[in-house]
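Letters are used for the chains, namely A, B, C, D, E, F, G and H, taken in the order the chains are written, and counting of residues starts over at 1 for each.
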Amino acid sequence: MKKINFDKVFSFILVSLLGLFIMKVLYSVAGEEAARFTADHYISYGVDETGAINIITAILFDYRAFDTLGEATVIFTAASVVALLLPRHEASMLKTEFTPVVQQSIAFILPFLWIISIFLISYGHLSPGGGFSGGVIISAMSILIIFTYGYRYMTRRFNVKKLSLIEDIGALAFLTIGLAGIIAGGTFLANSQVGIYPGPPGELLSGGLMPLSNFAVAAKVGTGLSVIFLSLARED
Amino acid sequence: MLNPGFPLLLAALLGLILKARKIRYFLTAGALIISLILMFALPQDKILTTASFFDLELILNYISLTSRNIGLIFGLFALLVLVYGYSLLSLASLNLLNIFVGSSIAILFVGDYISFFFFWELISVAAFFLIYDKVEEKLRYTAEYYIIIHVLGGLSLLFGILLNYNFTGEIILAPPEAGLLFFIFGIAIKLGFLGFHVWIPKTYAAIPFQLAVLMAAYTSKVGVYALYRIVELETNIVAYFGLLNALGGILLAIFHSHLRIIISYSIISQIGYMIVGIGLSSQIAVTGGLFHLINHILYKGLLFMMAGTICYSTGFENLSDLGNLWKKTPLTFLAGIIATLSIAGFPFFNGYLSKALIKAGIDSQLLYYGLQLAGVGTSLLFIKVLYFAFLSKNNDPDIVKIPPLSMKLGMVLISAFMMLTAWNPAAVERLFQISPDVAYFSSSSILSGVLPFITALLLFPLLKKYISPHPEKVFQRDFFSKLGYSFINLDKKISQIHSGDLIRYLSWSLLALLVLLLIFLLAG
Amino acid sequence: MIEIILMLLILLLVVSAAIALFSKKLLNSIITLSIFSALLVIILIIFQAPDLALAEAVIAAGITTSFFIITINKTEGVN
Amino acid sequence: MILVFPAIAILISMGIYAVLTQKNMIRIIIGISIVESAIILLLGAISYIPDGVAPILDQPYDTVVDPLPQALGLTAVVINASTTAIMLALVIKLYNRYQTLDIHEIRKLRG
Amino acid sequence: MHLPILLILIPLFTVFSLGLFAFFSKKYIIPLVFTSSLASTAIIFYFIFNRETRLPFSYNLGSWQPDLAINILVDHYTLVIFAAMGLMILLSVIYSLTEITRNKAKFYLLLNVLFVGIAGMVMTADLFNFYVFFEITSISSYALVAYNDKDISLEAAFKYLMLGTVSAVFLLLAIILTYMATGTLNMVLIPERLGNLPVLTRQILIAFYLIGLGVKFAIVPLHTWLPDAYVGVPITYNVLSSALIIKTQFFVLMRILYILFGLNFLQDNMITTILLVWGIFSMLFGHAAAFQQNNLKRLLGYSTIAQMGYVIIAFSLGTPAGIVAGSFHMVNHGIMKGAVFFAAGNLHKAAGSYQLNKMQGLADIMPKTSLIFVLLLLSMVGIPPLSGFASKWLILEAALEAGYLLPGFMIILGSFLSLGYYLSIIINIYTGEKDLSKKSSARAVGLKINEILPAAALTAVCIILGLYPAILTGLIDRAPEFLLEQLNYINIIIGG
Amino acid sequence: MKVKEILSLSLILFIFWLGLTASLEPQELIVGAVISLFAAYFSTQVLLGRGMSWGEGFPPTFRGVLFTFYYFPIYLWYEIKAHLQVIYIILHPRLPMKPGIVKVPTDLDSNYRITGLANSITMTPGTLTVDIDEEEALLYIHWIEVEARDPYEIREALAVPFEKYLRRIHE
Amino acid sequence: MIIQDILAGFLMISGVIFFLTTAIALLRFPDFFSRMHAASKCLVGGGISIIFGLIIQEGISPLSLRLLLLIIFLLITTPVVGHALTRSAYQYGYLGEMVQDDMKDMKTGNDSND
Amino acid sequence: MQLTVLILIVLFCAAISFYRLLSGPHVLDRIAAINAIGIMLLTVLVILGSLYGRALFIDVALVYGVLLFVDVLVMAKYFGSPDKSEEGNQ
C-alpha cells in the first residue's frame, strides 16, 4: 500500500513538473508573434489558386495532399490491423435487443444519413466536412446497422471482404487522382497548379479534382472504419 | 610476394574443401615448408605487399631479421609438432592449426598496426576454436576464458593503436608516441605478465596435451615479439618487471604439482627472462632475449611433449599420482633430463647460450643475481618434476597406452635439434647478424650457468617435503573471473529492473524527459 | 463575453476530463469521454475551426466512444 | 486565447498522470486519448486570432484564422483514432489471452 | 524526374492493390510484392549509382512553389538509409516467402506500409509530413509485432504501442510548437526563423523531439519495448526493425537536430554532450543487460540497443568524421544484424526455439549457418577483417579526433562486454552431446534457397565491406555536407 | 411497387438535400437528384431487408400528406400540455407523481405505424414507450402519473389521439 | 420585426426554462424512468424551442433551413433514444417505485421478441 | 449579446446535469445525463453558429447530433443488458 502511494506521489511530481514545462514553452513560443506567412498565402491566394473556398480542404487536398495520402494510409493500415488482430470467433457480448420501434426508426433515418454524408463529402471544398467526416458518417451508418439489426444482417450485405475491396478501390482512386497531376505535366498530386480546371470558386463543381479526391477518401474512410467496427463487434 | 604466413592461411581455406585427414596433414606440412622457404627467399627490409584500409596503407609483408628468425623457429616448431602429433591431431584442429600458426607467423611480417591487430585477434580466435570442444564443458569454459582475456588485451591494443594514430597520423608498426599504456596492457595480457598470467596455466593445463605443446609455443611468444617491436623506453624499468616475472613465475609454480601447471608457470618465469633481455637497452641483451625466445619454444615444447607423453601413457598428470617411470619410459625420461638441463641453463644445453647472452647484457647487479635466483628456482622446479615423476617410489602407475612412434620421433627430433643449437654460438651470431664480444664457454660463464643447477640440486633434499606433490584441482577462481562474476551480478540487477511492467517503463521514459528538461533548466 | 463562455467551457472540459480519468467505474469514464469531446467541439467552434470541430465530433465523440464501448463490453462487461 | 494554455498543460499532465497511476488498460487508453485531445485543442488554439473568422471564404474577410493548424489537427485526429482503434483491438486480444485488464499483471515478458 | 516519389508510390500502390488482388486470387500476391520490391530496389540503386549526377534531388508535391508545398528531397545523407534499404527490402521479402504461412496478404500489406513509411520519413522535408509517415511506420510496426498472435507478441505490441503513442504525443507537440514559433513546417525554412527563440525554449523543443523519437530508436531508458518486441515476431520484422526502422528514426532525429537547430546551437548548449553521454550510457546498459538473456532474439535486441549507442556517440560528435562513422555503422550494423537474424531464423527452424539452451548441438546439424553466425558475431565484436571492425575503427577514430578520449575508451569497453554474450551464443550453438541419441531437441531440416540466400548474401557483404570499407564510405562521405551545414540543405530547395 | 417507393423516397431526400444546400443552382440540383436517387435505392434495396422497409405507405396519398400537416399542430398541442404538466411536477417541492408501467393495446397493424405511435407517445412528456409486443399489438408505456388502471381507459388517454391520425396518414 | 423578436425571445426563454427544468429534474427525480421523462423530452422541447427561436430571429436563410432540418432530426431521434434507454433499464431490472407494472408478466413470459 | 447569455445559461444547465453524470447510481442514469448534456451542448453549438451568422457551423451541430444519437444508442444497447450469465446466444 505504501509503495503505491509512493508511486502516485512520484507520478504526481513528475507530471506536474512536466505540465509546468509545457506551459512555459507554450507561453514562450506564443509570445514570439510568429510570422504566419504560409497561412497568409493560403488565405490570400488559396481560393484563386485552388478554386476551393474552404481553405482547409484546399490545404488537405491540394497544398498538403501528401499528408492526406499518408493519413489515408494510416486508416487503411489500422483497418487491416484490426481485422487481422481480432479473432474469428468471439464470445457473445452483453447487449439488449432493440425493439422493432428502434429498428424501424433507424430504417427511417438511414437514407437521411446518406444524404448528410454525401452532402458533407461533395461540399467538402465549400463548407466544413469533406472526405473524412463524410466517410465517418458512412461508417456510422454501418454502425447503426450492426447495432440495430445485428452483425449477421450486416455481413449478409457487406462482409469485411467486400468492404475491404471498396476500401482498396477508394485508396487506389485517390492514388490515381494523384497521378493525374503527373499526367498533366506537373508533379504527383498536382491539381489546380497544372491547369486542371479549378472552376469558379463557390460552386459545387469546382476545385479541380478535389471533390473526386473527397469521394475517394470518403469511400476509403467509411469502409475502413466500417471494417474496424465489423472486426471489433464480431460476435459469431 | 606473399607474407610467409599466408600459405598456411590459404591452406586453411583449402582445408574447408579437402576433408581427408592425410591430405590436410600434408597440406599443412607443405604450407609450412613453403612458408619457411618464403622467409628466406624474400628480400629483407623491404615493403613487399601493401593493401589499403580506407585511405591507410597497410604493409602486409615486411621481413626483418628478427621476424625472420622468430618465424623460422615458429615454422620449424610447427613441423615438429606435426611430427609429434601425427596420430593425435584431429581433422578440425589441423585446419585451426593452420590458422593459428599461420597468423602467428604472419603477424611477424606485417609492418603496420592494423594488420598487426588483425593477426593479433586472429590468433586469439583460432586459439579459441582450437581449445573449444563441443562436448567437454571444462574446455568450453577454458576457451571462453581464453578468448575473453585475449580480446580484452586486443581491444586495449586497438585503443592504443587509435590513440597513436590520432596523435601521429601513422599506422606504421613503430614504437608509439601516444597510448603506450594501452599497448603495454594489451601486450602484457598476451605474454602472460605477472598479474595477467592467469590464463596461461588455466589454458595449458586444461586443453589436450598435443594442443598445449602447440599453443604454448606461440601465444606468449607473439607477445614477446610485440614487446620487442613496440615498447621502447629510455629506462630499464621493463627489465625489472621482467625479473619480477621471472621470480614470481617460479614462486607460483613451485607449490603446484600438476605437470602442465608447473610447466605453464615456468613459461611465465622464462618469459620474465625474455623481458629482461628485451627491456635492457643493450643490443646483446635484446638479442639474448630473442634468442631465449627461440630456445624457449624448443625446450618448452619438449617439456610439454614429455608431459604429454606421460599423460598419454599413464593417464595421470599430477605428480602425486606419478612415480618410478624412468624404467618404463626411458626415452621420455631422457627427454625430461635434456629439457630440464636446458631450461636450467646448464652449459652445453639449449638454454645456456641465450641466458649467457642476457647475462652478458646486464649491467645491474640486482638483475644478475635476481636471474641467478630465478635459475635456482627453475632448476629446483624441474628437479622436482623429474624426481617425483620418474624417480620417486611413492607411486607406481602402469603404462596403459604405449605412445606411438610419431610422438617419440617428435621428442627425439626436438631434442636433437636442441642439442645441435646448443653447441654452436657462431650459428647464433650468424642468425642474428651480431658479433658480441661474449665468451660463451669461458669458465666464469660456465660457472654462472652451472651454479644455479647445482645449488638447486643441493637444496632439493632440504626443500623436498615443502614442495612435495599433492592432488589439486585445475580450476581456481581468480581475480578476473571474480570480476566477471560481480559484473554478472550487476547484470542480474539490470535485468531484474525490466520487470515487464508497462507503467514502470512509461515512467522511465517520462523521467528521462524530465531529467533532460531539468538539465536544460538548471544548466542554462 | 465570449471569453467567459470559453472559460466556463474550459472548466467543464477539465472537469469532464477529470471525471473520465479518475471516476471509479470504467463505464463512467467512457461515457464522460464523449462529453469531453463534445465540449472540445464547442471550444473548437469558438476558435473558428469548424472543420476540425467536425472531425473531432465525428471521430472522437462518435466513433471512438463506440470503440470503447465495444471493447469494454468484450472484456469485463458492465461490471 | 492564451487562456487555453494552462488548460492544455493541465490536460496533458492529467492524462499522463492517469496513464502512470491507473491499472486498467482501457483507462490508460482514455488517458492517452485525452492527451491527444489536448493536442488537438492546442492546434485549435494556435490557429485562432482574435476576431478572425473560419477559413471558409465564401466572401472576402479581413481577418481569417490560420487554416494550417486546423488541417494538421484534422490529420492528427484521424491518426489518433486509428491508433486508438488498434489499441483497443489489442486490449480485447490481451484480455482473451490473459483474462485481465490489469496492466501490472500482463508481464510475461521481462528480464 | 518522378523517381523519388515512386519510391513511396510503388509500395503504396502495392498496399492498396494487394487486397484487390487477394480478393480474386491468392497466387498474385507474391509476384506483385516481389515486383514492387524489385522496382523499389532498382530505384534506390539508380540513386546510389548516379549519386554524383542526380543528387541532391528535390521534388515538390503538387507543383507548388517550394515554400508552400511538401517537398521530397534526396541528398547524400539520405543515401545512408537508401543503402540499407536497397539491401534489406528485397532480402526481407525473399526471406519472408516461406516464413509467413498464414495471412500472407496482410503481412505483405503491412510490410509495404512499412516501406512507405520509411521512404517517406527519410525523404520528406516537411515536419508534419514526417509525423504522418512516422505514424505510418509505427502503426505497421505495432501490427507486425503483434502479427504472430502469440501471447507475448500481443503483450509486446501493446507495450510498444503505448510507449510509442505517448512519445508520439511529445513529437507532435514539438512539431506544433515549432510551427507556432516559425509559422511554417518546411524544414528548409524553419532554421532561420527558429533562431530567434530563447535558448531554453529551443532546448525544451529539442527535448521533446528527443523523447518523441528516442522511444523509437531505443535509447536506454526508452528502450524497454525493443527486447520485448523482438521475441515473438517474424524474423523479417526483426531484420527490418534493427536494420531500417530504428535507424531511420535516429536518422531523422539527427536531421531535425542538425538542420533545424544547427550545429553551433547544439554544441553551445551542450546538447551534443548530453547525447554523447546518453549514448555511452545506452551502449553500456544495452551490453550489460544482454548478458542475462536466455532468449536469442531478446539478446540480440539488447545488442541492437547497445549498437545504437555507438551510432549515437558517433553522430553526437558533431564532426564530419563522426557523421561518416555513424552512418557507416548504421548501415553496417543493419547488415550484420540483419544477417544474424536471418541466420537465427534458420537456426530456429532446427531448434524449434529461441532459448539458447535449446539451441545446443545446432552446429552439427547446420554447420554452415553456424559458421555464418560465428562470423557475424565476431564481426559485431569488431574482430578484423570483418566489417564490424571497420565501423568501430571509424567511430573510434572520429571520437579520438574530436578529442573525446573517454568515450573512445567506453566504446572499447562496450565491445569487450559484447564479446561476453556473443560467446555464450557461440558456445551454446557449438555444444553437442557425444551420444547422438541424446542430442537436444534440434532436428535436421532442409532449408530452402530463399532462407539461405539472405543470410549468405549479407554475410558476403559483411566480409567484403570489412576488406574494402571504402565501398560504403565512398557512398556516404558527402553526407556530412548535408547534415552539418544547414545552408547546403536549404539550398537544395530554396537557393537552387 | 419498388420503383414507386424509391422514387417517392428520393423525392423526400431531394427536399432534404435542398434544405441542406439551400441553393437552387442547376448543377447542385442535378447532383442532388442523382444523389437522392442513389441514396434511396441503396438504403432501401441494399441496406434494408428482412421486413424492414423504409415505409409501407409509399407513395403517400395527397390526403395523407395533408393529414401530416394536420397532425402536426395537434401533436404540438398535446406536447405543450404535457410539458407543462411535467414541469409542474418537476418544480413542485414534493414531486407529486405516481409512476407506473401500463399496457396499451393498439389496433394499428403494421410495424411502421406502431413505430410512429410509439415514438409519438414517447415524445409526449409524461409517457414513455418501454416495450412493444408485436404479436398482440401491445404497447407497454411508462406513465409518470398513472391516472387510470383499465387498459382501455389508458388507451383512450394515451394512444387514441395519435392513432386516429396515424391511420389516416398512411391509408 | 418586433413581433419576430418577441416571438423569438419567448421561444428562447421557454427553451431555457425547459432546459433548466430538465437539469433540475435530473437532479431531483428519484428513479430512472422519471428522469428519462425529463431527459428525453423537456430536453428536446427546450432544444427545439431555442432552435425555433433562432429560426424566427434569422428569417429565411440557409442557416434557418438547416436549423429546421436539425429540428426534424431531433424529433425523429430523441424518442428512439428514450425508448431504447428505458427498455434497457427495464430489462436490466433497474426499476424505481411504481404504482403499477403491467410488464412483469410479459417479462416472465416470452422475453425475446425477434 | 442575448445569445451569449443564452449560451451561458444553457451551459449552466449542462453544468448542473454534470451532477447526475457524477453521481448517477446507475450507468443508465449517466447515459441519460449524457444525452441531456449532449443535447444542451448541441444547442450551444447551434446558438454559436447563429451567433457567428454562418450556416456552416450548423453542419457541425447536425453531424454532432447524428453521432450523439449513434453513441447513446450504442450505449443503450451494450450497457443496458441484464447480466453475462443470463445472456444467451442472441
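FYI, a residue touches a chain if its C-beta (ideal position, glycine included) is under 8 Å from a C-beta of that chain, and two chains touch if they have at least 3 such contacts.
Here the structure is a predicted model, which means the values were calculated and not measured.
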**Complete:** Check: interface with higher C-beta contact count, B-E vs A-F, is B-E
**Message:** If I average the C-alpha coordinates per chain and also across every protein chain shown, which chain's average lies closest to the global one?
**Reply:** E
**Message:** Using mean CA coordinates as chain centres, what's the gap between subunit A and subunit B in Å?
**Reply:** 73
**Prompt:** In whole angstrom, how far does the Cα centroid of subunit D sit from the Cα centroid of subunit E?
**Reply:** 28
**Prompt:** If you average the CA atoms of subunit A and of subunit D, how far apart do the two points sit, in angstrom?
**Reply:** 16
**Message:** Roughly how far is subunit A from subunit C, centre to centre by C-alpha average, rounded to an integer in Å?
**Reply:** 18
**Fill in**
By the touch definition above, subunit C meets two or more other chains at residues 48, 50-55, 58-59, 62-63, 66-67, 70-71, 73-74, 77-78
**Fill in**
Residues of subunit G that touch two or more other chains sit at 24, 36, 38, 40, 44, 61-62, 66, 69, 73, 76-80, 83-84, 87-88, 91, 113
**Prompt:** If you look at subunit E, which of its residues touch at least two other chains?
**Reply:** 128, 132, 135, 139, 142-143, 146, 149, 158-159, 162, 166, 173, 180, 185, 200, 204, 227-228, 292-293
**Asked** Mind pulling up the subunit E residues that touch subunit B in the complex?
**Response** 158-159, 162-163, 166-167, 170, 199-200, 203-204, 207-208, 210-211, 214-215, 221-222, 224-225, 227-228, 269-270, 274, 285, 288-289, 291-293, 361, 363-364, 378, 381-385, 389-390, 392-394, 396-397, 400-401, 405, 408-409, 412, 415-416, 419-420, 423, 427, 430-434, 469-470, 473
**Footprint of subunit B on subunit D - complex, ascending** = 16, 19-21, 103-104, 106-111
**subunit B - residues contacting subunit E, complex** = 52-55, 114, 117-118, 121-122, 125, 132, 134-135, 140, 143-144, 147-148, 151-152, 155-156, 158-159, 162-163, 165-166, 484, 487-488, 490-492, 494-495, 498, 500, 502, 505-506, 508-513, 516-517, 519-521, 523-524
**Fill in**
In their shared complex, subunit H is touched by residues of subunit G numbered 9, 12, 15-16, 19-20, 22-24, 26-27, 32, 35-36, 38-40, 43-44, 46-47, 50-51, 54, 57-58, 61-63, 66-67, 69-70, 73-74, 77-78, 80-81, 84-85, 87-89, 91-94
**subunit H contact footprint on subunit D (complex, rising order)** = 53-54, 56
